[in-house]
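What follows is a set of structures for review.
Next come two complexes built around chain A: one with chain B, the other with chain C.
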Partner chain A sequence: MKREDVLKGLKERFAGDILEFSEKSPKRLYIEIKAESIKKVALYLYKDLGCRFNIASGMDMRRHFEILYHFLLEDLNVQISLRVKLLKPSKMSSPAVGGGGSMDPPPTTGGNDLVLPEIDSLAPLFEAANWVERELHELLGLNFRGHPDLRKLLLPDDWPQGVYPLRQDYKEWDPNAIRDRGV
Partner chain B sequence: MGSQRHPGSGSLMPRTIVPIGPYHPLQEEPEFFRLTVEGEKVVDIDVQVGYNHRGIEKLSEMKTFDQSTFVVERICGICSTSHPFAFCNAVEDVDQVEIPERAKYIRTIIAEGERVHSHLLWLGLAGHFLAYNTVFMWAWKLREEILDVMEILSGNRNNYGMFKPGGVRRDIKSEDIPGVLKKVDSILPTLDMLRKAVMDDPVLAARTKGIGILSKAEALNYGALGPTARASGVARDVRKDSPYAAYDQVEWNMIVTQNGDVFDKLVIRVLEMYESVKILKYCLTKLPPGEIDAKIKIIPPGEGIGTHEAPRGETFHYVRSDGSNRPVRHKVRAPTFMNLPTYKSTIVGETLSDATIILAAIDPCYCCTERVAVRNLEGTKLYNGEDLVRLSQEKTESLRKKMGRP
Partner chain C sequence: MGVKLTALLKSPWVFHLSTGSCNNCDIEVLDCLTPRFDIERFGMLLAGSVRHADVLLVTGSANRKSMERVKKLYEQVPKPCLVVAIGECALSRGLFIDSYNCPVPVDKIIPVDVYIPGCPPRPEAIIAGIVKLIEKVKAPAQ
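Up next is the complex of A and B:
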């Protein structure tokens, strides 16, 4: 397996799925793909190239959400990061509690989940993606289609529904919370 | 909590739920295990984490790059240097900064010293669970020597504060090196003794071989890391696969075993300590002269990925910079995040007396086992954490008698 062949193979095989292909350095590869192609590209990296799924990192970019799926191709020492952009739905759920300090649980109609940006889950392909998708679901408010078990992972059970701490519009909802405001 | 019969399971044995946890003050990820047992046998496990979620990623995004190094150092108390190591690698990856040779060596020395003391800590506790309290005493006494070494080198037994993006904060004084080398050498005879005690003891082998097996396919499926993966025949180590710091300049071996059971995880950690000592000694004797800091002025907009092989497996950091003095996104992935879910594969089908050592085999924290309680439907307490350790120790005891060993 040669580096050039792998890169060429990736470009040819997924010509219709790749939006941007950037080689930051010999060891770092960032490939932006269409959101709907994530499953087949990830499966190819994991099964055919033998990459290890490292982790996914999500980010709120104001106009869209960005998820980076990091794979490490150990044989060639290339870190392949698949970048996916999810547009924010026009009608976004606003944070449920606005500082009034009400600890009542918000209505659990599931209405909030309906407007969450969605992408296919990778957990059915490999178990390694299971936990990180649960994490992205609760911290960033993204929905993963086909995930077997989207329970909360890190946040406490009494965390209000529809409040996502890693979003840009996150506001402090608990008047009694003492949190570090940085420098 | 409670016991019930499962008609579908084909067994008449009542099912009991064994909650383990959740309070867990030492490790970065406190856990709560819910074991479902049928009699002695574990039939299901569920893991809950997040009890000590401190929002470090969000916190780090509010700090400057320099301050973040200290914040991430506080993620873990045992392998405190692995997060700053990966973070600095990530920040340097944003702008492809090459750090001075001397800084590379100092980083490697600190990281390997940490690996030795972390593995010794694990070995001692594993010995305690298996009723080998002599192993516990030896291992922890030996660990003191390494902690002394770390104190001489950095001024602290833990949380060394040695790392900064671009290099290291403190130099290693040349007059300290002979004393440090002597101390590092002094652990070898006892380490040999420990190795023999662990690898040649038939009772220990009977107690740990063939239990809690993680197959190679499952290790790859779960993305297991570090000793947990290497014990299952996955020959991966970021120090070899994507070398950083001085790891490509030192000759050392990756330890890989094939069986994936608790015994193999034990062996890997013991043998890895020899490799770490080898790396430590090489770096200390060949420490190149020169600068220790590349003196990074600004971190330009961009993104970077940094990894480091921590004692428990690969630590992963992703940093996004917008050109200001703080990261706009900082993603941290500790190795236990990937290793913990493998319990689903290793513990089902094993007995409750083996549960403590299997849960311990990936090297999470032990405090949880002190908080174990077994309850039946009426809520009466059947076992607590000490009982579970006792259960595990009694099993070793009976094996010893059966095999005619003292």
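Up next is the complex of A and C:
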């Protein structure tokens, strides 16, 4: 299978799903796709092309959340990153939602699980996506539809509900925290 | 600090506890044990269990999860014991001071006797710190 054939096949097969197709270098490929078609594109990359799923990385880009799913196509040595943009629900940008914290004054971030941005989970397709989706869920507050077990992964158990530390609007919630060096 | 502690410090057994550090301080601590620095000439040995230790040596900025473990381990050290904090992270959390996961420095969790600054401190600095500690403990008995 040649590199050109793979790229052409991808473009043709997912013509309706791909929003942007950019080759940063011969080894690096970014494909921005619609959020609702992540499952079928990932399935094609994983099952048909035989890509290895490396990791997913998430980021709060102020206007939207961005998830990059990194796949490595080892036969051709191409790193394919699927970029998905999840719009922030308008409710979350207003600061007075709050009310979810269990032990302190209500935090300004989120507070209601119903308004989390949603995307289909890839964990049913390959187990490697399981933990990273749990991590994205607890740190960025994204909801993965169809994830088998969306518990906390890294944060302690007494972490307040609805506070997501890697969001841009994260505020200090712990009244006992000391943020100076004492000198 | 009484006679009991002074006696223990003839040969302090050290328990090395890393509370989520980058392992740089841990490597320097291990370097102290190599023949080049040979900290055993002061009688210091690494203990396998915290229940055998006289000195608790803490590296790393304690995060929300390891805070609980630090407390539990400190309760298990036979008293009297000494606590040595090594490295900038254990002293003031270094660059993690604003991290959501590192709310308080180590010395607000357990009492610390010696602070050895550096990122990471050189083995000489660690040895100097511990020798000063031993001398400070011995001084009132003389």
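Keep this in mind: the second predicted complex is superposed on the first by the 159 of 183 C-alpha atoms of A that agree within 3 Å, B and C clash if a C-alpha of one lies under 4 Å from a C-alpha of the other, contacts with A are read in each partner's own complex, and residues count from 1 in each chain.
Everything that follows uses one rule, which is that a residue touches a chain if its C-beta (ideal position, glycine included) is under 8 Å from a C-beta of that chain, and two chains touch if they have at least 3 such contacts.
Note that the coordinates shown come from a computational prediction; the quantities given were computed from them, not determined experimentally.
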Who touches more of chain A, chain B or chain C?
B
Between chain B (first) and chain C (second), which does A:P165 come into contact with in this model arrangement: first, second, both, or neither?
both
Does the superposition put A:M59 against chain B (first), chain C (second), both, or neither?
first
Is A:I178 contacted by the first partner chain B, the second partner chain C, both or neither?
second
Is A:E127 in contact with chain B, with chain C, with both, or with neither (first, second, both, neither)?
first
Of the partners chain B and chain C, which touch A:P156 in the superposed model: first, second, both, neither?
both
Output check: A:S25 vs chain B and chain C. Expected answer is one of first, second, both, neither. What do you get?
first
Touching A:L68, do we find chain B (first), chain C (second), both, or neither?
first
Applying the touch criterion given at the start, work out whether A:S81 contacts chain B, chain C, both or neither, answering first, second, both or neither.
first
Based on the A-chain superposition described above, do chain B and chain C contact any of the same residues on chain A, and if so which?
155-156, 165, 179-182
The chain A residues in contact with chain B across the complex are 24-25, 27-28, 30, 52-55, 57, 59, 68, 70, 72, 74, 77, 79, 81, 126-128, 130-132, 152-156, 165-166, 179-183
Seen from chain A, its contact residues with chain C in the complex are 155-156, 159, 165, 170, 172, 174, 176-182
Taking the complex as given, what residues does chain C use to touch chain A?
64-65, 92, 97-98, 100-101, 103-105, 108
Under the definition above, what is the set of chain B residues touching chain A in their complex?
49-50, 53, 55, 57-59, 61-64, 67, 93, 96, 220-223, 236, 238, 241-242, 302-303, 305, 307, 314, 316, 318, 320, 326, 328-329, 331, 333, 337-338, 340-341, 344
